[in-house]
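Before anything else, here is the set of structures, which you'll find just below.
The following pair of complexes shares a single chain, subunit A, combined with subunit B in the former and subunit C in the latter.
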Partner chain A sequence: MKSLAELQAIRDRMRGQIELRESGDDRIRVVVGMATCGIAAGARPVLNAFLEEVAKRQLKNVTVSQTGCIGVCRLEPIVEVYVPGQEKVTYVKMSPDKVASVVSEHLVNGRVVTEYTIGAAE
Partner chain B sequence: MSLIRSHILVCTGTGCSSSESPKIIAEFEKQLALQGMDKEAQVVRTGCFGLCALGPIVTVYPEGACYTHVTVDDVEEIVAEHIVKGRIVKRLLNKNEGGDGGPATSLTETRFYKHQHRIALRNCGVINPESIDEYIAVDGYAALGKILTEKLPPQQVIDTVLASGLRGRGGAGFPTGKKWQFTADAVSPDGVKYVCCNADEGDPGAFMDRSVLEGDPFSILEAMTIAGYAVGAHQGYIYVRAEYPIAVKRLEVAIQQAKEYGLLGKNIFESGFDFDLELRLGAGAFVCGEETALMRSIEGHRGEPKTRPPFPAVKGLFDRPTLLNNVETYANITWIFNHGPEAYAAIGTEKSKGTKVFALGGKITNTGLVEVPMGTTLRTVVEDIGGGVPGGKRFKAAQTGGPSGGCIPASLIDTPIDYESLSAIGSMMGSGGLIVMDEDNCMVDIAKFYLEFIVDESCGKCSPCRIGTKRLLGLLTKITEGDGEPEDLDTIEELCEHIKQSALCGLGQTAPNPVLSTLKHFREEFEAHVYEKRCPAGVCKALIQYVVDPVRCKGCTRCAQGCPTGAISGAVRAPHIINQSKCIKCGACMDHCRFDAIYKQ
Partner chain C sequence: MKEIALHVLDIAQNSISARAVHLDVTLEEGAEALTLTIADDGVGMSPELLAQVSDPFTTTRTTRKMGLGLPLLRLAAEQTGGSLSIESAPGVGTTVTAVFLTNHIDCPPLGDIAGTVVLLIQGAPELELVYNHRRGDKLSHLDTRELRALLGPQVSLSEPEVILWLRDYLQEQEALLSDT
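Coming up: the complex of A and B.
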């Protein structure tokens, strides 16, 4: 170990991995429906796209997680976003190519992507 | 790019390892591969979570779900349900501990954790103890890096420790900063000084240091390096007992990784400061936890104490000034530097700062490891965190400080736990073993147990300890066998005082404490043994008899069939009788009886 910068580099690299184990009230949670219906409809590539996008942008306050069947199987893959202090937002019929805009608009800038939400689909 | 979205933390401390956690890890890896999830979920081996009674413990993040009593057969379900489908396996959660009365999802929600304040144990159960990268991710080596790159004057480092108010966690509670100061001020003939770590945890029932070494070994390495810089030492030794194979292995891995990163060795952080560390394995002698004996043992001699002064800070290992601290003391050091000494001093009481780790054992629901701020009452530790005495029994006493400490009776359960309060009632902080006793424990028997330990472990160098404790044990044995005479109690007290005043080392001087404190708080129990030849708790075999209640006995013959010596006779459907001359008082008949017809008197 030569310098603090070197130490910092290791810390930054590892930080993203360890953060998964932290819980806090200020974290944004992205929950992907991963029951049989969701997986069959293609939830797994969506989940992976979220992980990739969140890691790429180094969003430290976002947890990507999964859940069971949300109940509206015909609209799967379903993704729900919980921002602390706000009503949850339900996105339906998600696909990997829609993920980038949800991350940049909703998670980073706080603007709900209305056209993908359940309200727009109904 | 890593796309791991879930971490499965499996405890690999000694407790959970003996409950097959290595097999659980292997099964997780197999099941994850089968389900094609091995790129999405990662199995992480961690140190002790603290709740050993519920082990093996598996925590799954990001949900933070804490599964208890996990078996190899449960793994498939956890992977299929939780990892693949995201449904938490409620069946395996810690029961009835959640805020709404339902099962607690996360460990931090449980009553066991709510009252705790984890500083020394901050990384135990959180990081992989065999990965220096994970340690660095949780601010590891930030303190050392700052000190060395900013070339902080060593005196300033010592002042920080002094300001924190940290005191030695090995038992005696000597201010850590002062110890560092004495060692730094001492002059060595050739400039060589040493830093040592006492990891020879020998008290029966204590496993705090083991858990820190198993869960967070790098924090000890970093703290010892800081200590080396502060006192001017370039070589350190960790004296750890060979009975801790997992701790030894993790320390070896940690030292190796730190050397690869240049965090041990020459020119650390290009500061010109060199520091190296070696392990020394002890063979498990209790006396080697005493500082002078420990150093003799590192030197390669027989572990026997020396007279003090000179103190090790002046003339210690290889006759050079030596700093010796306990594992838990070191575990607090980096936290103090990262958060500031004021933050540390703000926790605890006026004279006892910070937190203390206790190994909870004995008659308690949540056997395990807890860390609480100094000044927390014994009641909080036993009832709130420990979950009280199981089986509806009554709390009788708690023993702290191991063979050097004493018993705290139920009447003093609201005593705050700090160095002064415990000394005031004849016990001591000790290294942190806390053994809970209920109404079924005989206090004379407890005193005898600790004394037997001391007699076994006395190194024999000084006669007060070698002969005195043996005589003391003889007197206690006489009492438990029903041959006690009134003057024995006075003799015991007198002998205890002599040993306290004349033994050579700290262990000998404190050896009578368990006897004195039980005699002080439970004198009536001693007197019952001596005057009435009666053991109130029904433990001392010579003083009890197993008797059949002829009214309740239905003559089912179960007791007679279960008796190993054939001491019970009686016809079918007629009350049975125990032949006292044949009875060995094993209690098997009592366990066999379905009608509560057998009792002790």
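Coming up: the complex of A and C.
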């Protein structure tokens, strides 16, 4: 049984890490489309999978956030990845099982997973 | 939308877009009905907009914050013999209430409501979100003000580790509702 008091232990563990973080400009941003179209297409488990992978790998330079309708509803769930100094990469028709390879290849090793991108789908 | 929880995730985004500071998400389960209430203190809607929001054809892109979300929720609720009502006033906020008759064959399952609530927090960590889910005399409850008091000012509620812990915590609370 979990107790809310455990949050204080998480807080104490994280305080030290937050100070070591890179400043806002150097962070990789992962943005998941969470409008009606995205949610209906299965964006919630995709977002969850990103949070799990980022936490598991302790990626302190990655921010996972949500946005509204990106505008290509038929290709949802859509995930945009912004690496500082590089062009935005748009992944389409995402599913939780594709997330691990995007995280390990793109976010960690810097290689775009071309087969999942909008360029490959269209 | 295969789950009521997905509607919650979708409709609550409207409240966030409407710059709500406080959001109450309440589920009340009785013998025959599940009542979902999403109440915010956001900008609210004019009577003209309020009259249109359930119509998917007149509302698309008249304002960006509205679209198919409310019409889909209305359809899902009415298909079970239930109903949808929206109260709203500019400057006061908006309350959406959906009633699902749970014995109806078309009633969708509640689904992963813990996953929904924590992703709402992840997307809007500054929001005062109060979640209450009552089933009989049992209650599953979460209040982001209490969580923030425990976490202190440095650690955001949107941190992946915090969100994943909250998901497990809330899933346990939800499971307790089913224990007899």
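One rule holds in what follows: the second predicted complex is superposed on the first by the 101 of 122 C-alpha atoms of A that agree within 3 Å, B and C clash if a C-alpha of one lies under 4 Å from a C-alpha of the other, contacts with A are read in each partner's own complex, and residues count from 1 in each chain.
Quick note on the criterion: contacts are C-beta pairs under 8 Å (C-beta built on N, C-alpha and C of every residue); 3 or more make two chains touch, one makes a residue touch a chain.
Since the model is a prediction, treat every value here as computed from it, not as a measurement.
Enquirer: After superposition on the shared chain, which partner residues are touched by A:Met1: those of subunit B (first), subunit C (second), both, or neither?
Expert: Both subunit B and subunit C are touched by A:Met1.
Enquirer: Let me test your reading of the model: by the given contact rule, A:Ser65 touches which partner, first (subunit B), second (subunit C), both or neither?
Expert: both
Enquirer: What is the contact status of A:Ile10 with respect to subunit B (first) and subunit C (second): first, second, both, or neither?
Expert: It touches subunit B and subunit C both.
Enquirer: So, does A:Ala40 touch the first partner subunit B, the second partner subunit C, both, or neither?
Expert: Only subunit C is touched by A:Ala40; subunit B is not.
Enquirer: Return first, second, both or neither, reflecting whether A:Asn48 touches subunit B, subunit C, both chains, or no partner chain.
Expert: both
Enquirer: So which positions on subunit A get touched by both subunit B and subunit C?
Expert: 1-2, 4, 7, 10-11, 14-15, 18, 34-36, 39, 47-48, 51-52, 55, 64-66, 68
Enquirer: Can you tell me which positions in subunit B touch subunit A when the two form their complex?
Expert: 1-7, 9, 40, 61-64, 84-87, 106, 108, 126-127, 133-134, 136-139, 141-142, 145-146, 149, 261-263, 268-270
Enquirer: Which of the residues in subunit C come into contact with subunit A in the complex?
Expert: Those residues of subunit C that touch subunit A are 1, 6, 9-10, 13, 17, 64, 67-69, 72, 112, 115-116, 119, 122-123, 146-147, 150-152, 154-155, 158-165, 167-169, 172.
Enquirer: With touch defined as at the start, can you tell me which subunit A residues reach subunit C in the complex?
Expert: Against subunit C, subunit A makes touches at 1-2, 4-8, 10-11, 14-15, 18, 34-37, 39-40, 44-45, 47-48, 51-52, 54-55, 64-66, 68-69.
Enquirer: For the complex, which residues does subunit A have touching subunit B?
Expert: Touching subunit B from subunit A are residues 1-4, 7, 10-11, 13-18, 20-21, 23, 31-32, 34-36, 39, 47-48, 51-52, 55-56, 63-68.
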